[in-house]
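Step one of this worksheet: look at the structure below.
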Amino acid sequence: MTKRTIDESRAAREAGHARLVEADHLGLKRFLRLDTACYEDGALPGRTKELLGLVASMVLRCNDCIDYHLEQCIKAGYAKDELVDAMNVALVVGGSIVIPHFRHAMATLEELEAEAGGG
Amino acid sequence: MTKRTIDESRAAREAGHARLVEADHLGLKRFLRLDTACYEDGALPGRTKELLGLVASMVLRCNDCIDYHLEQCIKAGYAKDELVDAMNVALVVGGSIVIPHFRHAMATLEELEAEAGGG
Amino acid sequence: MTKRTIDESRAAREAGHARLVEADHLGLKRFLRLDTACYEDGALPGRTKELLGLVASMVLRCNDCIDYHLEQCIKAGYAKDELVDAMNVALVVGGSIVIPHFRHAMATLEELEAEAGGG
Amino acid sequence: MTKRTIDESRAAREAGHARLVEADHLGLKRFLRLDTACYEDGALPGRTKELLGLVASMVLRCNDCIDYHLEQCIKAGYAKDELVDAMNVALVVGGSIVIPHFRHAMATLEELEAEAGGG
Amino acid sequence: MTKRTIDESRAAREAGHARLVEADHLGLKRFLRLDTACYEDGALPGRTKELLGLVASMVLRCNDCIDYHLEQCIKAGYAKDELVDAMNVALVVGGSIVIPHFRHAMATLEELEAEAGGG
Amino acid sequence: MTKRTIDESRAAREAGHARLVEADHLGLKRFLRLDTACYEDGALPGRTKELLGLVASMVLRCNDCIDYHLEQCIKAGYAKDELVDAMNVALVVGGSIVIPHFRHAMATLEELEAEAGGG
């Protein structure tokens, strides 16, 4: 199977992030900071905004972004059935074209659960 | 200006919805029910899911959908600064191409406020 | 309401098409010919390909394109319930974000029927 | 090469589908049924609607969905040149960004032909 | 016809921009600054980046954004046939779904030319 | 890691291209020629149009297309910081959903540099 494990995804993301920072472009660096900042507590709790990020990633159909936000959502304490309920909104809004990404997300959730239970 | 008022949007949506129902297609009717149902209380409160619907509509850039979800979000009790904070997530995820829709949303919010204050 | 009538849409499309031709760009002209040619009879009948064009326009959410293909589909002899059945596939694949375009399409179909019955 | 074989794709799809069903979310289950139902005979033959599903998947650029619909289209009896003619509509509507998915589809068709001829 | 004149578009954009600034959201303000900054001279001349913004707006199919970038491109000194050549790239990459936006762009160019020649 | 090397990507692209040509569909062949032609010198230099193709590929989020245009841009003599500046426009217009593709592009650039320096 070609699905990357969580550890491979994390390593790829970190290596990729390092390349973006090394590119040494001021606008790009500011964008990366803005991206991080938009999920911090504000008028809405950061926790809620992670869920928004997950749904946005689902309807725009980006597996890397889905994996990232799922991990953040698990850290923020969401239960699996809450995440499924959120992703169901993405499915209805975005249609059956979202289904392969929903399948991907469920496999990632399974890995995250295994990892959490592995201690 | 060509922006429809809220009342025009509501009338157009209702007339359009009636046409969909009259088309008398079983799958279509089921889809419409599924669409309504996905914003009802479940593992997540319906209130939270309205916010997810708003952000999904923003990143997919549909003004009609944005107007609908803004109205539902106002009914669900969200304050303007919370909605702006949610839409800012959509802006960061979806990019500057979302800006015209953010402007549209702010004008709609203004109308909804005027309407609420009009009593 | 801001929905253009069919006649206004046709006039706008023709005026716009004239501007594209006047631009006198060889690649653009070739693209326009390729666009026309792809709906002509080939391995599949042109009639079937008009339906494909309609569904592609629905999931990519372009009202101008939907109106154009609906008109071609009516000329090709599709009945209203067949077009609704085709657009239902677009709805399921593309999700609720397609609904405003489905409403738009039903209004256009109504106009096309009125026009056909007007003789 | 990283292209999954048809058998790997099928296995991944089935495992993923099982995870969706196990998630035990009523709305999600209903969506999956609606998705299956929309390709059954209705005002249009199911066979025609499989072709619509293929073109919708091409313009929305989802390889997993393309593979699924190609397989259904082959089962429904479409010849290779008919599928190429349908996908050419997707190419013209969706542009050169569709080309990598067209290449992917041709490789899948080759595998499906090899499989069919393997008996 | 429902196409807004350039003056109406400018007025709507300014009024909308004012609403975004008044929303008084730090992240949003930073995004707006980042958006402005990315078209300034850098490793590439700002002039070239306006053309990139135009093509990005075309393939993502946003008329408001197209109008804005066309105006900036005219100010930057591009001739009409250069802009047509750039938009032809967007047409090939993005497909026939871009055509209605290409027509819109040609009408806007006509208005911009009339305005420039009006003195 | 699952990222294909440049050589694997090139081989896959060539094999896929051959399948498209073998499909022997006149419209498809014409589209492929139009695609090649649109990056040749015209009102704009081909070199500028390669950059437009890169940015269009970034905002539409297609890694295969990004790799192809990066390679053409390097051949056309763009420096790395110019390409980063162009891709930053894509990032701002297209949003954080573009980030995984920006990371991918930086890895490809690294490979292209290694290849160029390998002589």
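Before moving on, here are some points about what is shown:
Chains: A, B, C, D, E and F, in written order; residue numbering restarts at 1 for each.
Operating definition for what follows: contacts are C-beta pairs under 8 Å (C-beta built on N, C-alpha and C of every residue); 3 or more make two chains touch, one makes a residue touch a chain.
This one's a predicted model, so the numbers in the text were calculated from it and none came from an experiment.
Chains making contact with chain A as well as with chain E: B, C, D, F.
Seen as a C-alpha superposition, chain A sits on chain D after a turn of 120°, to the nearest 5. Although chain C and chain E carry the same sequence, what matters here is overlap: shared residue numbers make up under half of all numbers found at their interface. Greatest centre-to-centre distance from chain D is found for E, with centres as Cα means.
The most distant chain from chain B, with centres taken as the mean of CA atoms, is F. When the C-beta contacts at B-D and at B-F are tallied, the pair with the greater total is B-F.
If you average the CA atoms of chain A and of chain B, the two centres end up 24 Å from each other. Centre to centre, using the average C-alpha position, chain A and chain C are separated by 37 Å. Chain B and chain C, compared by their mean Cα positions, are separated by 26 Å. Residue positions 2, 25, 27, 31, 34-35, 38, 42-43, 56-57, 59-60, 65, 81, 84-85, 88, 91-94, 96-97 of chain B each touch two or more of the other chains. Arrangement of the chains shown, judged by which pairs touch: all-to-all, with no pair of chains left without contact. Interface of chain A with chain E (complex): residues 25, 27, 30-31, 34, 37-38, 42-43.
Remark: chain E residues 59, 91-98 touch chain D in the complex.
Every residue of chain F that touches chain E in the complex is listed here, in rising order: 34-35, 38-39, 42-44, 48-49, 51-53, 55-57, 59-60, 65, 79, 81-82, 84-86, 88-90, 92-94. Contact residues of chain B toward chain E in the complex are 1-3, 61, 80-81, 84-85, 88, 91-92, 96-97, 99-100, 102-104, 106-107, 110. Of all residues in chain C, only 2, 4, 8, 11-13, 15-17, 19-20, 23, 25, 27-28, 31-32, 35, 56-57, 60, 62, 64-65 touch chain E in the complex they form.
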